[in-house]
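What follows is a single structure, written as structure tokens, with notes after it.
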Amino acid sequence: MPRIAYLGPEGTFTEAALLQMVAGGMLPPGAAAGPDRDVTPLPYDSAGGALEAIRARDSDYACVPIENSIDGPVIPTLDGLAGGSALQIFAEHTLDVAFSIVTRPGTRAADIETVAAFPVAAAQVRSWLAAELPDARLVPAYSNAAAAQDVAAGAADAGVSTALAAQRYGLAELAAGVVDEANARTRFVLVGAPGVPPARTGADRTSVVLRLDNEPGALVAAMTELSIRGIDLTRIESRPTRTELGTYKFFLDCVGHIADEAVGEALKALHRRCAEVRYLGSWPTGAAAGAPPPEFDEAARWLQARRTGGSA
Amino acid sequence: MPRIAYLGPEGTFTEAALLQMVAGGMLPPGAAAGPDRDVTPLPYDSAGGALEAIRARDSDYACVPIENSIDGPVIPTLDGLAGGSALQIFAEHTLDVAFSIVTRPGTRAADIETVAAFPVAAAQVRSWLAAELPDARLVPAYSNAAAAQDVAAGAADAGVSTALAAQRYGLAELAAGVVDEANARTRFVLVGAPGVPPARTGADRTSVVLRLDNEPGALVAAMTELSIRGIDLTRIESRPTRTELGTYKFFLDCVGHIADEAVGEALKALHRRCAEVRYLGSWPTGAAAGAPPPEFDEAARWLQARRTGGSA
Amino acid sequence: MPRIAYLGPEGTFTEAALLQMVAGGMLPPGAAAGPDRDVTPLPYDSAGGALEAIRARDSDYACVPIENSIDGPVIPTLDGLAGGSALQIFAEHTLDVAFSIVTRPGTRAADIETVAAFPVAAAQVRSWLAAELPDARLVPAYSNAAAAQDVAAGAADAGVSTALAAQRYGLAELAAGVVDEANARTRFVLVGAPGVPPARTGADRTSVVLRLDNEPGALVAAMTELSIRGIDLTRIESRPTRTELGTYKFFLDCVGHIADEAVGEALKALHRRCAEVRYLGSWPTGAAAGAPPPEFDEAARWLQARRTGGSA
Amino acid sequence: MPRIAYLGPEGTFTEAALLQMVAGGMLPPGAAAGPDRDVTPLPYDSAGGALEAIRARDSDYACVPIENSIDGPVIPTLDGLAGGSALQIFAEHTLDVAFSIVTRPGTRAADIETVAAFPVAAAQVRSWLAAELPDARLVPAYSNAAAAQDVAAGAADAGVSTALAAQRYGLAELAAGVVDEANARTRFVLVGAPGVPPARTGADRTSVVLRLDNEPGALVAAMTELSIRGIDLTRIESRPTRTELGTYKFFLDCVGHIADEAVGEALKALHRRCAEVRYLGSWPTGAAAGAPPPEFDEAARWLQARRTGGSA
């Protein structure tokens, strides 16, 4: 029964994502032991801690958020993937951001004087609260799940939390699907020790971290290795390296799988060109996330014919 | 007396950065009215709110954080600069992250049972607290300044806050310069309505936001306009656009000033090539942040001689 | 009355091209002295000699062939432009290759036993001769004009020559417009000492010679300075440099005029990047020879507005 | 006994090159039948004719000049390789240009009144003749070998020809190694029907002809496929296509062998990108002609390890 660390405590969006990934059969082959797909979830108090648990062999996998459409990249996840020994991403899952306003059973809206909320969540439901609970006072909590715990403990009348947390802590949902901004979404990834990537599906994502020599043009030259092969770059983030001032690591996501010839050739080229390439994995995205890499088969046959004196 | 909105409340690192920028004469010409460099600081509860205050003409400038070496880009600032009507950056200032542990005067370490902290700050002083105040319990606060307010109000025994907040709220500093990670720094920018950029100093930064057509290679082509002219790209961030799924805006920082011929030529090229270029400004960085753009003067003279039939 | 050296002797295609250029008013302003456009043609026995005559101030201009659709680049012309002191091209003119079969007046086809021909010309009328004069024997001549001289002198019965030579040497044309290959054409250029280029017409050609550092990618980098600015490269030739083994000079022709902003910017970039750039001129082509360079005006206005704080 | 067409008649530099290639064992495996390396040389009156003989199965191979350091590319050879059915180059050989002044045995310099010469050759020994035979009159011949034939037939007193021709036609050499310009050299290639390229030696040349879509940047994009892989481009020639005005074919030579991974990958990329790629072969150059292609082995191992979950 595989152990899966996650950004806890119980009831976070991350745990919800993890449970959906398990239920959807998205674990790597060999990870989901039986027909009941049982796993042992292990809550950690940070994304970095969940990733370290794999390195310490305290966990087999980790489920962590990597990108949020409102708040951008999740820095502790990026740093945890880029530093330390190699890890690999095997799956991803995206959740709409949708908070539940949780109360102890029997609480009515009119009774609510205090609302516990993680500050980031509070910012995302500000308009809703102003409209629906205009007289309530916000009190900070340390996470979305902690907001529910505070409500359960009587420290607040209501909490900005998740449906899963309501269930976990025996709370009622005064409202569900609450969020000010439409289309807010968070993407989560399932990380493990390096291994065989999941099979190519035709709708895949490949991710790498590059460390480049500190000279003008080095990044463009690296990215050209993707563009010249028709590979669609879907995300790029620069992060300062911690060892040297003014130097950066670059996180690149592209459409395609390491088993695609175009992607494999580009990865080889990056390996030759860059000071360091860390391969973060290739995994299915379910739906296409951009233009798929071109087929290289016909050109390979043409080359083979030229090399062997055949005709094609 | 110019009004300057900032990410408040009083006592935040942002206010500290603002005061240092004013004291250092870093306001644009015309902004600092008299010899005493008086300004009217206006606290706002979000970076986005501070930027909007300029657009609403409620403020002349805004001081907001834009990048943190630990947490990465400050997304609300990037989004506030990229959306809405045009704004422009006129100056920057970088502060070492260094918290003060504040108490009511007379409080001894042994008396401290609760420590108020903004969750992001709590994560950055965790080791220090474990070593120095191992028995204290963390209670969340809504900002570094709010942590000090909580202490002043008696809701917590100590707070993870700033030296400025201690001064503002009549508190003592039990410890100063507290932070777990060495070299943690935050960069702040001074933003205003579009205008003449500050004069070129030879150590300048130029920043743009690009919106690109959604095709493989568009980003590389845009970045090549910088690299082919020897311009050093120092930062790149991708941010999803909110209007269309799977499309991105890109924030690029480079070394140099719009008055540098190389930079001017590159900006023209980006304007021709990209679906949209928003110029965020050129301003001094104090020290060089990378390789300066090459001189184009000799080539310009050579061209002029060819055009006019002279010799050079 | 300007002196114009040309590849002689009298009666060559080059002289014919020169006369048409003079009649068409294609000389640079100031070169065509009076209303009768009188010039002094000076025959030279090589293209290189005609170009040297300008440097020796023995001639004001030179008319030489530069490219033939069958035989390719005219190497002595390219070498004469690339070496020695700088020269500049001011005009071009293209002639269809069309030989005249010349005889002494009264000669009938049936009488022709020998045909004088410059070997290159012989190769271009071989099929015609086989069909029309199957029994005639070829005798070599040193130029198309010399073939006519041989006929006039009685050394051959007929000659493969030009209409102009027939006229010059008092010969009859047995046939005109003779050539095996359709669409064979030769391009001629008018060369002088460096000076102000002819005014931009919107259908112009610009030509340069590049000497590059001997490293992989140097040529691509130089050509990218054209392509990234949307400039259409219409011809490229590599020629070994004579001073160093394995190094090349490159002749590049592009669409556009040095007065076009895009072309001017690209020339500046080449001047910065290349070991040496020799500007060979910008001149009208009459009809468009490819895609014209893009307009840079709008981007220049945009940049100016950003630099001065205006809006555009 | 393989038949080898060559640019004749007997006694040309091309025949000399062919004999040296045969003596040096430079024929493809299988072509040189026995220990005596016997071949059947077949003279043709043009390079194009020699190449066509392969297509007509009248010859197994053809030896033709492809490049001359003074006169540039040999256009009929380039056109013969680029058009018609596919041919392939299997070997190359370079000869110093060095003429022999041939006479009938017993002729003294003082007796020489006429000198037969192919016009191209005449241009290359002009200074020598002016110094050594100032009173002799030039008479044109149709080839270097024909000049010797003219001498043997008594039509001229001396000829500008080759050592091989002197031997073939029973003539004496008044002078050998005659040429005005130092370092003049001609490169010859051995061409056959498409087949397995000669084995990689580490000092090889690969040649292709590209037909490109008629749009700005197409050539740069193609050449970038070589430069981005560290492949050294040693020659480029543009030739107008005959089917469409203003369109070009490009002849590219690079260092390396189709069996080199870098070259193979680049050829595949060209095949994908270009309207048409004609592979002209990979063959040994004897000495290195530029920077050899980089090794791709280490990157291939790295990729393989990532694909299979191994470590490397």
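Each chain carries a letter (A, B, C and D) given by its place in the written order, and its residues are counted from 1.
Operating definition for what follows: a contact is a pair of C-beta atoms (placed from the backbone, for glycine too) under 8 Å apart; a residue touches a chain by one contact, two chains touch by 3 or more.
Going by UniProt, the chains are A, B, C, D = Prephenate dehydratase.
Values in this document were obtained by computation on a predicted structure and should not be read as measured data.
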item	value
Given chain B and chain C, the chains that contact each of them	none
Shortest chain-hopping distance from chain B out to chain D	2
Type of chain C:chain D copy interface by residue overlap (half), same or different	same
Most remote chain, CA-based centroid, reference being chain C	A
Chain C-chain D separation of Cα centroids, rounded to whole Å	26
Chain A-chain C separation of Cα centroids, rounded to whole Å	64
Interchain centroid distance [CA atoms averaged], chain A/chain D, Å	59
Shared-contact residues (touching 2 or more other chains) in chain B	221, 224
Which pairs of chains touch, using the document's own definition	A-B, A-D, B-C, C-D
Residue numbers on chain B that touch chain A, as the complex places them	46, 69-73, 75, 78, 118-119, 122-123, 138, 140-142, 183, 215-217, 219-221, 223-224, 226-227, 230-240, 242, 245-246, 248, 250, 289-291
Touching residues on chain D, where the partner in the complex is chain A	194-197, 221, 224-225, 228-229, 258-259, 264-265, 267-269, 271-272, 279, 294, 296, 298-300, 302-303, 306-309, 311
